[in-house]
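Chain naming follows the written order as A, B, C and D, and within any one chain the residues start at number 1.
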Amino acid sequence: MSDSPQLRVAMVGYGFMGAAHSQGWRVAPRFFDLGAEPVMQTIVGRDGSRVEAARQKFGWQHAETDWRRVIDDPAIDVIDICSPGSSHAEIAIAALDAGKHVLCEKPLANTVAGAEAMVAAAERAAARGVKAMVGFSYRRVPAIGFARRLVQEGRLGAIRQVRALYLQDWLVDENGPMTWRLDKDAAGSGSLGDIGAHAIDLVEHLTGSRLQSVSGTLATFVEERPLLGESVGLSGTASDRRGTVTVDDAAWFTARLEGGEASGAIGAFEATRYATGRKNALRIELSGSRGAIAFDLEAMNELQFYDATAPAGEQGFTRIIVTEPEHPYMANWWPTGHAIGYEHAFSHQIKDFVDAITGGGDPEPSFADGLHVQRVLAAVERSAAAGSAWTTTD
Amino acid sequence: MSDSPQLRVAMVGYGFMGAAHSQGWRVAPRFFDLGAEPVMQTIVGRDGSRVEAARQKFGWQHAETDWRRVIDDPAIDVIDICSPGSSHAEIAIAALDAGKHVLCEKPLANTVAGAEAMVAAAERAAARGVKAMVGFSYRRVPAIGFARRLVQEGRLGAIRQVRALYLQDWLVDENGPMTWRLDKDAAGSGSLGDIGAHAIDLVEHLTGSRLQSVSGTLATFVEERPLLGESVGLSGTASDRRGTVTVDDAAWFTARLEGGEASGAIGAFEATRYATGRKNALRIELSGSRGAIAFDLEAMNELQFYDATAPAGEQGFTRIIVTEPEHPYMANWWPTGHAIGYEHAFSHQIKDFVDAITGGGDPEPSFADGLHVQRVLAAVERSAAAGSAWTTTD
Amino acid sequence: MSDSPQLRVAMVGYGFMGAAHSQGWRVAPRFFDLGAEPVMQTIVGRDGSRVEAARQKFGWQHAETDWRRVIDDPAIDVIDICSPGSSHAEIAIAALDAGKHVLCEKPLANTVAGAEAMVAAAERAAARGVKAMVGFSYRRVPAIGFARRLVQEGRLGAIRQVRALYLQDWLVDENGPMTWRLDKDAAGSGSLGDIGAHAIDLVEHLTGSRLQSVSGTLATFVEERPLLGESVGLSGTASDRRGTVTVDDAAWFTARLEGGEASGAIGAFEATRYATGRKNALRIELSGSRGAIAFDLEAMNELQFYDATAPAGEQGFTRIIVTEPEHPYMANWWPTGHAIGYEHAFSHQIKDFVDAITGGGDPEPSFADGLHVQRVLAAVERSAAAGSAWTTTD
Amino acid sequence: MSDSPQLRVAMVGYGFMGAAHSQGWRVAPRFFDLGAEPVMQTIVGRDGSRVEAARQKFGWQHAETDWRRVIDDPAIDVIDICSPGSSHAEIAIAALDAGKHVLCEKPLANTVAGAEAMVAAAERAAARGVKAMVGFSYRRVPAIGFARRLVQEGRLGAIRQVRALYLQDWLVDENGPMTWRLDKDAAGSGSLGDIGAHAIDLVEHLTGSRLQSVSGTLATFVEERPLLGESVGLSGTASDRRGTVTVDDAAWFTARLEGGEASGAIGAFEATRYATGRKNALRIELSGSRGAIAFDLEAMNELQFYDATAPAGEQGFTRIIVTEPEHPYMANWWPTGHAIGYEHAFSHQIKDFVDAITGGGDPEPSFADGLHVQRVLAAVERSAAAGSAWTTTD
């Protein structure tokens, strides 16, 4: 690896996703043979002292407060965008137009229009060999990659039903505080956009199908929450010290799929932060004419597979511990039976992104994939506003 | 028990439900102290030789081919109706008007109008002390009874989300034959009415709430199936020997709940015969402000309970094996840890029905409860026909 | 069935096992086509008023206080022995010598000598076509029968390791009362004989192998327990009102197996009433060169099967819900996915016993099988007394 | 962290453990505030080209082929020993005597005598403030740490029974090749020492008790295996090309515990590489008078806890997902519900080791703890050789 070219990275943002991406950049080259050696060169954030603390914490060489400077810096090869969704479009477009490869956290943008502009920039960039990728990291969970392989090999047959739930519970306490994530102006969306987006992307990734139309419902269970000191500026008056929740607490939608292995299938989706006791339960179940799979992110190293072609009496869901060398990415990790954790979806994302940069392929998911997810989210919102009327996603 | 009065029973029907009800009548008095001793007097069916075979098989004293005769027979106290749904209204109304107590399998009737007439008959009968009950037997699964108690005690707090899925897979094979259950004229409904009805009743029973409006979708995945010899009379022509499936294969609906412990909650429902690998998975999950429960009929002796008021760090779903003397019905069965089976939902149903007859209470679920379920089913069908528009259930 | 010959049964004993056997006699003919129709003729117990109450409760025609009378009664065909182990030998030998078929609860006897005499009587009887069977009912759990079939078909290959645990927890409370079950004079043995016997029999049944030698350890964790009023006669003085526990609370042993599919294997056994939280967890795990099975009685309708010949990456334990028509006994029960309960191990036991009587076969497990289990138990006790020295079982 | 003193590390060995330790050194300072900043200075191995490859792969600054040089190097503060067990004593003693802090992989040594010499060196070093720690990394799995806290708080009451199984299956295929791990001269021990040692250490860590005496059994199921080309030098002749397995394939032992929370308890232990289908199943179950815990390394982010003081009817094993801020180490990782992987037992080990160095405490487990485990292993071997006679461990 000492002879590998270097890939100098600047990362914008230093929150939860900044920590996860940093770990990905740090770890990926230690377990995978990459065509280039990533250099964790610069971390960017608006608050100087915070970004310096993050620099030390996450292990970057330099800190910077203005993202424009790293885009102007010819020594930077890659811009990794982990800042809030409202900033994605401006940064990504500038970076791509400056010839930087871009990895952008999901959601691609807070608006469909923003996402469309990003896709256009990505197309311009692609013509020059510059890569753009959106960070639906769960695609890189080995159990998901293995499930996809089973689907592509026809082991599920024609998929007729899909269930995709993303269940969390951090809003169950009605006296939990108001935060920017519950304010539509700041966050854009609630459960639907934040976690429902993952469910949409995974279903499309696994099946190769697209959600063509949706019928959706949104709900806000707790409409006002206590304002904390730092919540100044949110809606709500100072006198009652309560803020108004302006995003969805939970979302449900039914979708018709087209193309791929689930053409003609119906999918049931749910995204919620009120599923008491479920901490991070992204559950996918695909039911086909020849088999089925079930996955739960709370047991991320396992895949349940049902082979409906097995002899009568021997059928059942097989709990496959996805730590074998035959499973995606796992030959590079520990011996069989040794689990990997959440963060390595990001390590694998870096591996695949660097492979695309050095190998010449097109990284997936593309900005176009990210735009499509935004369109599905927008269609769900329109459907919900129209009494759950079926609404096309394009 | 030798001093108990007798309760002479006639049962109409001898299919799967006839077998289950027979076992309930036979077993209940051996494990519970009933106020009257049931006598399995007469089994009724139209086909003389088949009903005689069923009489011997199920252990009834007499066989009869005309249900009117047992209604006219003053020696009969109870009519237990297990015949197809299309026959329920006529038999039940005649029986009630003749002063017989009636236990009627679900669905109460194939039409809302039929169910309404049955409710009227039940009200007339009630005025004379004659009892009517509809057989949503899963209410009598001990884990369900225990879950209901937890809800009523406030252990879940305000319930905001409900998920109720009834998953089976016996239609997955697209070359499986056409049967009367897939013909709307004969069966009335598909997955929605057959198994979705259980999901509706259980949610209402557990929460004390009512589904007030619904947005639904129905799908038929396999539209034609091979006709077998005995399928003559079904739609489809002899030349192609394929019949047309005219009921839903699967149903999804979202519901708004009112009243009870889940007032204001949203419920997500699904009923399907295409959930590959799921044999009889009736799954209920209730998420509240103070706790949650999860139940799966495939592990019917277990209840998962999450106590959100437990100390931080100690919370989790507790797998309660529902075989303790503290659990409903279980003090009368085996020592702790010894499972009971599917059939004893029926044993418990008989116990509760006989208790109502001898003790003077009103049996639950009432015909009015059964009518309400029919109205929900009808609302789902109307909503599905109207592009999933929200539709009230009353 | 009306044309079937009758099989008139007398049952001795009316405790927990009496209830279970009664249910077996009652239910078996309703779900299985038997060559003879059992008649629940007489229940026998020493206490006149208690046996009469049991007669009514369990549904027998007559009650009797002297077991010798039913043995002398030419109208009785079968003696079913559910009384305490100390009475088994005398009753069974008398019954067999009188030409009655005998079903005897486990343990066969409280002493090896008693069991040997019973085997001799069974051999005398067999020469005259009279049947004898010992009631290791768990052999008739469908998941166990199915596991045995997999073993016999070679699906596990050469079995090298066996683990058999029977875990209960009803003695965890050290202030729980002294009972006759904890007194060696009355009970003969503690966990070892009561529940460990089941583990031994199941392993031998599943593998076709015999435990040839053992190294064992016994422990009594709580040596004195409060005497209740009814405990008079147990060891311990009235003044301190505490009784001395004289049986084992828990037993562990390692065994070498010979013959059958597990020849040369090592088995690890444990039987305890102190496994906090485990109510009735009889767990069997067999590990072979080609596959493995795992079973837990707390989920009695499931079998976990691992096929080590499946493609790399697809291996895992398959949770087979043992309710398919292909599974032992299950074609006669409910549709797929509908659980049966603990009691039907007894229903199946009656079916197989009646089949042996009417069909001419030799019922299994035989009295010789029961004697062998007693010898293993005795060898464990001898080994424990000799500092866990390896001890042969014959 | 820029102001932290540096801690310059040399690591000896570059196999599986070298990879895991490297990841620990790399990652720990990014997630925990350490009192010193580790510098991954030198990796040491005998083969020059291999160690250089490992240097690049694992991310160390220098490579070295002679471990004596890093011990002589005043710039090195810490020696991390991951080389084979036979080399541990010599390296560790030299390092400690040279004033280097030592982290030594388990087993501490291949012989009790070697381990005793290491303990003496550690005691000499401790007098000078030099730290020594043995790498039983599983102590640092958060679920284990949390279980220990429950035990220490008395939530299990008096622990009476312990079950500790370490189940793997990589020797199931009898045609799998002979390797140095199966040769006693090279490996010292088989399953017993390699994985059984973890079970012993964890039980002692969790309970605070010591295994005071043992009764053990060892078995070798497959006595000869094919020799591969690289196996030259192992026992077996060239003509038959099969080598003789001279270590145990599996080990079972029963132990009496003294001191701590499990004083007077009996433990059942098993270590095997023949548990078909179990990849890395280290299972611990502790049963006490007030509660129980169950852990399985194959689901390492979960702890099952049974509270026997909960209300009757509500007891059951609670599946606690050990990802809450209240759980050991987890406040420094991801949001609730996000799993960590196997490797972070090593990250936590580094954190605790550095804390001991910079904070002045004594690291645990100490070399004395490691010596005690070796004595238990030796006692099991002596007991097995003496027909499972009970053998004291000191």
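Descriptive notes on the structure:
Quick note on the criterion: a contact is a pair of C-beta atoms (placed from the backbone, for glycine too) under 8 Å apart; a residue touches a chain by one contact, two chains touch by 3 or more.
Being a predicted model, the structure only gives us computed values, none of them experimental.
Of the two interfaces, A-C and A-D, the higher number of touching C-beta pairs belongs to A-D. A repeat of the A-B interface exists among B-C, B-D or C-D. It is C-D, with more than half of its contact pairs matching by residue number. Greatest Cα centroid separation from chain A: this falls to C. Annotation: 36 Å between the Cα-based centres of chain A and chain D. Centre-to-centre separation of chain A and chain C, using mean CA positions: 55 Å.
In chain B, the residues touching two or more other chains are 278, 315-317, 321. Residues of chain A that touch chain C in their complex: 146, 305, 312-321, 324-327.
Listing the residues of chain C that touch chain D in their complex gives 156, 160-161, 163, 169, 172-174, 215, 217, 219, 221, 250, 252, 254, 264, 266, 268, 270, 272, 274-278, 285, 287-289, 291-292, 306, 308, 315-317, 387-390. Against chain B, in their complex, chain C makes its touches with residues 1-2, 16, 19-20, 22-23, 26-27, 29-30, 56-59, 168, 170, 278-281, 297-301, 321, 323, 334-344.
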